[in-house]
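Structures are listed in the sections that come next.
Each of the next two complexes has chain A plus one more chain, namely chain B in the first and chain C in the second.
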Partner chain A sequence: MSEYLLEMTGICKSFSGVHALKNVNFKVRPGKVMCLAGENGCGKSTLVKIISGVYTKDEGEVLFEGKPITKITPAEATKLGIQVIYQDLSIFPNLTVMENLAINSEITAGKKLVNRKRWEATAKEALSKIGYNIDLNAKMGELSVADKQLVAICRALLFDAKLIIMDEPTTALTKKEVDALFKTARQLRDSGIAIMFISHKTEEIFEISDDVCIMRNGENVFAGPTAELTPQQFTYHMTGRELTDDHFIPKNVSKEPVLKTEHLTLKDKFEDVSFELHKGEILGITGLLGSGRTELALSLFGLEHPKEGTITLNGEQVKISNPIKAQKLKIGYVPEDRLTEGLCLQQPISDNITLSSLKRLSNAIGLIKNQDILDDANIWKEKFSIKTDDVRKFASTLSGGNQQKIVLSKWLSNDLDVLILNGPTVGVDVGAKQDIHALVHNLANEGLAVIIISDDLSEVVVNCSRVIVMKEGRIVGEMTGDDITENNILDIIR
Partner chain B sequence: MNKATIKRITGRTEFWIFLVLVIMCIGIQIASGGQLFESSTVVTILRAMVVDGMFAMICLVVMVSGGFDLSFPAVAALAYALSTTICVNNGWCNTNPLIGFLLAIVIGAVLGMLNGWIIANFKLNTMIITLGTQTFFIGITMGLLELKEITSTLPVGFRTFGESYLFEVTNSAGLRSTMTTMFIPFVLLCIITSFVLNKTMFGRALYAIGGNEVSAERAGYNVKRVKFILYTVVGASAGFIGMIRVCMARQSIPKAMVGKEMTIIPAVILGGASIFGGEGSVFGTVCAVGIITVVSNSMLLMGIDSYWQDFFNGLVILVGVTVSAIQAMRRRK
Partner chain C sequence: MLAKIKEFSSKNNYTVMLLALMVILLVFFTITKAGTLWTVGTWKGIVMQFPEFGLMTIGVMFCFISGNIDMSFVALGDFAAIMAVRYMAAHTAEGMSNGQVAGVILVGLLIVTVIGAIGGVINGVLIAYLNIPPVMATIAMQLVWLGLSTALTQGYAVTGVPSLYTEIGHMMLFGFLPVPLLVFIIVFAIAAFLLKFTTYGKKLYMIGTNVKAAKFSAINTKGMIIGTFVLADIICCYGCMLMVSSMNSAKADYGTSYVMSVILILVLAGVLPDGGMGKIFNVLLAVVSIQIISSGVNMFSNLNPYHASLIWGGLLILVLILSTKFTGGGFKLRKSPKKNK
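Right after this comes the complex of A and B.
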């Protein structure tokens, strides 16, 4: 038998004349974790779909366990032992854990009737594969993302999987859950299963993978052991440019605070929060999930209503009762979940950008010219280098990083004093992350006061000139300048 | 029973809807001075549940799969109107109504196939598609075929079948009520629906598709085929139920079904079926149909103006849909 479980050589695939994959080569060893890395839109998903039989390759050779595979259907891929755990996990939220675990193998076995005992046995067998314990009668939709993922993994293992492909499994997980997932992955690896892990998060790839294949624009630019790479080289391969992690140094911080809170308290969420925010600085607010950081941000935007304490804006005490009031006070908020909270994906990019500045664009009797919207949108497209050929296309056609840029521009197209960014680069790849960071730095230097709420410590360290650490609803530490390091923050959080 | 089990039961819409039904019945019993639980009233209410309850079953299976069928009344009307017309013209069914039923089922199945084919092959909103086919089917019934009302000339076979009954009860005031034979197909349909939904892979496919269509496809279900079969069977059932109605009413009126979907679908939603698919049960649906029937019947019993009926039906739509939406919202969190 071949040393490799899966070998792909010279894979090409194009869609209506556009090359999605150009001469891709890589190998997966059994009992190893292989990472497929690359920025959004580099062809990772296309490659996975070729392996799982959803797409057919145009050229190239695929060897599985040394045997060539020419044409393959998803069902045959399953039979060979290839299992894909998609990002959406392919679960049924309305069914129980038991049903979710057993349904696939029941269908594959061609069963016509439901036998609860057999389903339960199958489900128990699946859970025992990784020694995972969960209430079989719980509704799938009520589980946490991490639990859903483990159920999906258990389900995949029922098919005697030899290769498990996980499509960006860590996106919606907390650090602790990621650790648990990695533990399971290592356990599987040690039992001889090959794991192909799709990701764009540098730290995670270095933590978990034995081999790595980096893709850029449909080509693989590196394939080999992870140990041969440094994180810098890795980032270079992924983005094709040298990225610099410059600390942000504020240039012109105002003397007077633009925003000030005193003894702000929201029951059960945070208590006695007092801080100041100056023009030109980027203030980081960090802490674990549940530390009250998000609720604090929402309070400043009128979505939560603290009962006690005061908020002062430009020296005047204000009451921010709702987001409309907040906008009037020149406060902008970019939510964490940009896809559900910040964008109308099935609307043109131009409409999204101008959504919060329609008042400015409309004339005396409230009418709006389409041309004005397009002009305005194009200005922002240039300014933020949003990658699209036409702003009239739907926002859903953009990659995650570019979507985030739209959300930012939506707010910035109004004149702002304070901009609150909640997890600004969650789910965004390295290159776009860098662009967004640079943009925020520029904005601060132009005199905007920025708050970044994040639990991505490297992001906080690189971007913030001052950091407030929250724990269980209280401010437990504050640091500035060179004191801001990941270790210093971790010391306080723990 | 442990805490988790109790929580699971109280977390279900069916539990609450059953509770509402029971409390409401007790309330009406007291308000009407003990008239509700008179044997004759109970029989009358059960009798009134037959047709609506059966229609609710086919609505339920469609909604579980994440779809909406607005066309079932039009399918039923075309099936029974055409079937009875053919029977009258050929002098069939004067003793046995079987041929009439078979005809209606076949016609219903063909119309259902059209729904199924369009829905399976074009990923359009089922509500829009069935709204289109509904209008189309009404057009065929009234315009193309010009099917007429059949009342006194209705074949005797239908009439006698419709008048047949299982048993007879007499209340304290000497009022007589009969329990129609049609109650048996109603009970059978409920049992069959429940069996299909819970005990067959086809039924689980409906829940799976209603829960997440993409996942269902990846899991190995042939989603297109499932949908085609579903709408075909639903069409055939609509034809059958239509004939039951003709027998019970002892007349075939093509227009009698218009707007029926607007009272049945809210009842199904009230019974716990989700407007987003993947949820719903036979028990909840029967309870909800029970509530609506009991209320409309009791309004007559207590001499309340029948206009209040619309008021109540509207209220049911609002309550049912709101609860369904709140549950979906909670799930997303």
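Right after this comes the complex of A and C.
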């Protein structure tokens, strides 16, 4: 028996001439948590798909429990004990927890009739493996992401998994849920199962992993115990450049507030919210999911309508009835979910960038020249270094960070007083994250008033000159300057 | 050169497919019925017939691009036509000058326009403000309009169309351009202009792709959807008025089969009800292709007329299979947005 559960050496894979993986080597030890880290597009997913048998490798050698494996198919991978929990979790949202847990083994066993007792037994057995309690008759689609994930893990364990691969499992989880997930992961690790955890979040990787394999541009640039690395080295390996943590210090904050809310109340969402926003500052609004932070932002953009309280803009009391009115009042909003709220993915980058400024680009009767759209889009492409060779390509062809830059340019091509960013770097890799932060700093220094809404505390700390903490719909704390630290915020939030 | 052609065909797969389809159809009918196909009469028939459903196709195309669907347009158009014909019949009399009759006809067309707009507003409000799924809302409205027409006419055809109206409808301008075709060309040009050169067209495609993102981009999505249904339904009502001129009457259930053929033509042209895609030029090609099939089938005079539907349907299935293969699968074309990491 080999020391390693899975050994991969010299793995190469190319798609129509483009190398996705170049000579990748890595090893997974049984009973350890191994992290596969890297920015978007570095080949992490391709590697996972080779392990699970979705793709076939071009070159290289794979050893599982010391035995060479020449051809992996998805069915064979399952038989070997490799289970992949993909980001979308591959669950049936319309079925119950019990049905989801039992269905795979029922099908594998070739059962044709439903026996409720047997299904229940299978489901209970699965849950008992990690000592997890949940209503077996709950509809899967109604569970939280965290619960869905645990059910998916239980399902994987039914197949005597030796290696569980989790593809970015923490993306949609709150801090508490991440802790719960990690606890389960450690429990599994201690029972001898190897866990491969795919992520690009530095803190999480240091918290959970024993070994780490860092990939960049299809090559693995580091493989070894996590303890050998410092977070700085880790980031360097991942991005290929040194990153510095600059705190944002506002240069010219206006005396008069540009935006002021007083006793703003939206039933069941937030209550008695009063704050001021000045030009040139970056105000952070943070709080847990459900603290009312998003609803507050939507109220400032005309998509929620608080019944009580007032919003004052440049000294004048205003009523923001819809986004069109917000745009007229020079308020821009970069939404939380870029894919469903921010972009028309299957449309050109250029049309996405200019969507909110068509009025400016057209003449009095609404005629518009395609060339004007392209020219305008190219200006933003240069300004924000959006990585594409042609702005006529679909927005879906870009990576998360570049997509976010499109959404930003869409609003910045309007003349704005206030820019609200809700989760500006969710799902954006480290390098692009820095770019976006630098961009926002510049905008604030040019006189824009910026609100960042985020539950990524490190982001809030690095970017905001003032922070408001919300809890259960109320403002529970405010801090400025050096008082803004993750610990201070956590003290209030919890 | 070859590379350029390749690039063009990969970007315009629907256009290439439809052109190929047209050539194949023409070659097929030339081989089998050269004598009948290449006559003035056949082509006159073709250009006289397609403007009716051609107009409706252009109208519904706007709904499709916006990510909606309209099932009510024929019923609405029939109702509008019935009201217009009733008005025209009541206000024309023997011995009126052509000028006077023309005035009555214009008022009739105005009635059609207003009813089309009302129908569009109702569809739009049901969908945009009351959030009823477009298929449901417009099927229900189809029944409402059909019911109104039937109640008004007891199911009989409404006659008394001024002869001037049918004469104009059958007129050949400059000896070769039938008036219905001219109407089609004008509407086509306006529609193409709207889609290509106006902010309305740009916004329409964006709304069709992701209405939520459009709303977050300060686009008046509700207004856009209502406006689009108004535009679409007015155009469809004019399509029904072309039917009036060829039938010399209006009836509650004229052209009901057009509902399905219009949807089919649009899908064939790559304008899918998912929204946000499709080119108007391809719609033109698809309209003409379908008309060629239909006229072609009619040329086989020895065919049992009771078998016509069967042959027509079989041919359509064949065309759809081939086109789906060639274009990479109509409805599957749009994948759900990819999850990003």
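In the analysis below, the second predicted complex is superposed on the first by the 494 of 494 C-alpha atoms of A that agree within 3 Å, B and C clash if a C-alpha of one lies under 4 Å from a C-alpha of the other, contacts with A are read in each partner's own complex, and residues count from 1 in each chain.
Definition applied: a residue touches a chain if its C-beta (ideal position, glycine included) is under 8 Å from a C-beta of that chain, and two chains touch if they have at least 3 such contacts.
Owing to the predicted nature of the structure, the values given are computational and were not obtained by experimental measurement.
Superimposing the complexes on chain A yields a three-chain arrangement in which chain B and chain C clash.
Contacts of A:Glu106 after superposition on the shared chain: chain B is touched, whereas chain C is not. The larger set of touched chain A residues comes from C, when the choice is between chain B and chain C.
Contact with chain C, but none with chain B, is seen for A:Lys359 once the two complexes are overlaid on the shared chain. Look at A:Gly131: by the touch rule set out above, it reaches neither chain B nor chain C.
When the two structures are aligned on the shared chain, A:Asp88 is found in touch with chain B and with chain C. In the superposed pair of complexes, A:Val114 makes contact with chain B only, with no contact to chain C.
Contacts of A:Gln346 after superposition: chain C is touched, whereas chain B is not reached. When the two structures are aligned on the shared chain, A:Ile324 is found in touch with chain C, with no touch to chain B. Contacts of A:Pro74 after superposition on the shared chain: chain B is touched, whereas chain C is not. Once the complexes are superposed on chain A, the part of chain C occupying the same space as chain B corresponds, among 57-65, 273-281 or 309-317, to 309-317. Common to the chain B and chain C contact sets on chain A are residues 88. For chain A in complex with chain B, the touching residues are 74-75, 86, 88, 90-95, 99, 103-104, 106-108, 111-114, 135, 137, 141-142. Every residue of chain C that touches chain A in the complex is listed here, in rising order: 197-200, 202-203, 205-206, 209-210, 212-220, 276-277, 334, 337-341.
Within the complex, the chain A residues that touch chain C are 40, 45, 87-88, 168, 171, 200, 303, 323-324, 326-327, 333, 335, 338-347, 351-352, 354-356, 358-359, 361-362, 366-369, 373, 396, 399-400, 403, 410, 427.
Note for the complex: chain B touches chain A at residues 4, 8, 198-204, 207-208, 210-212, 214-216, 218-221, 274, 277-279, 331.
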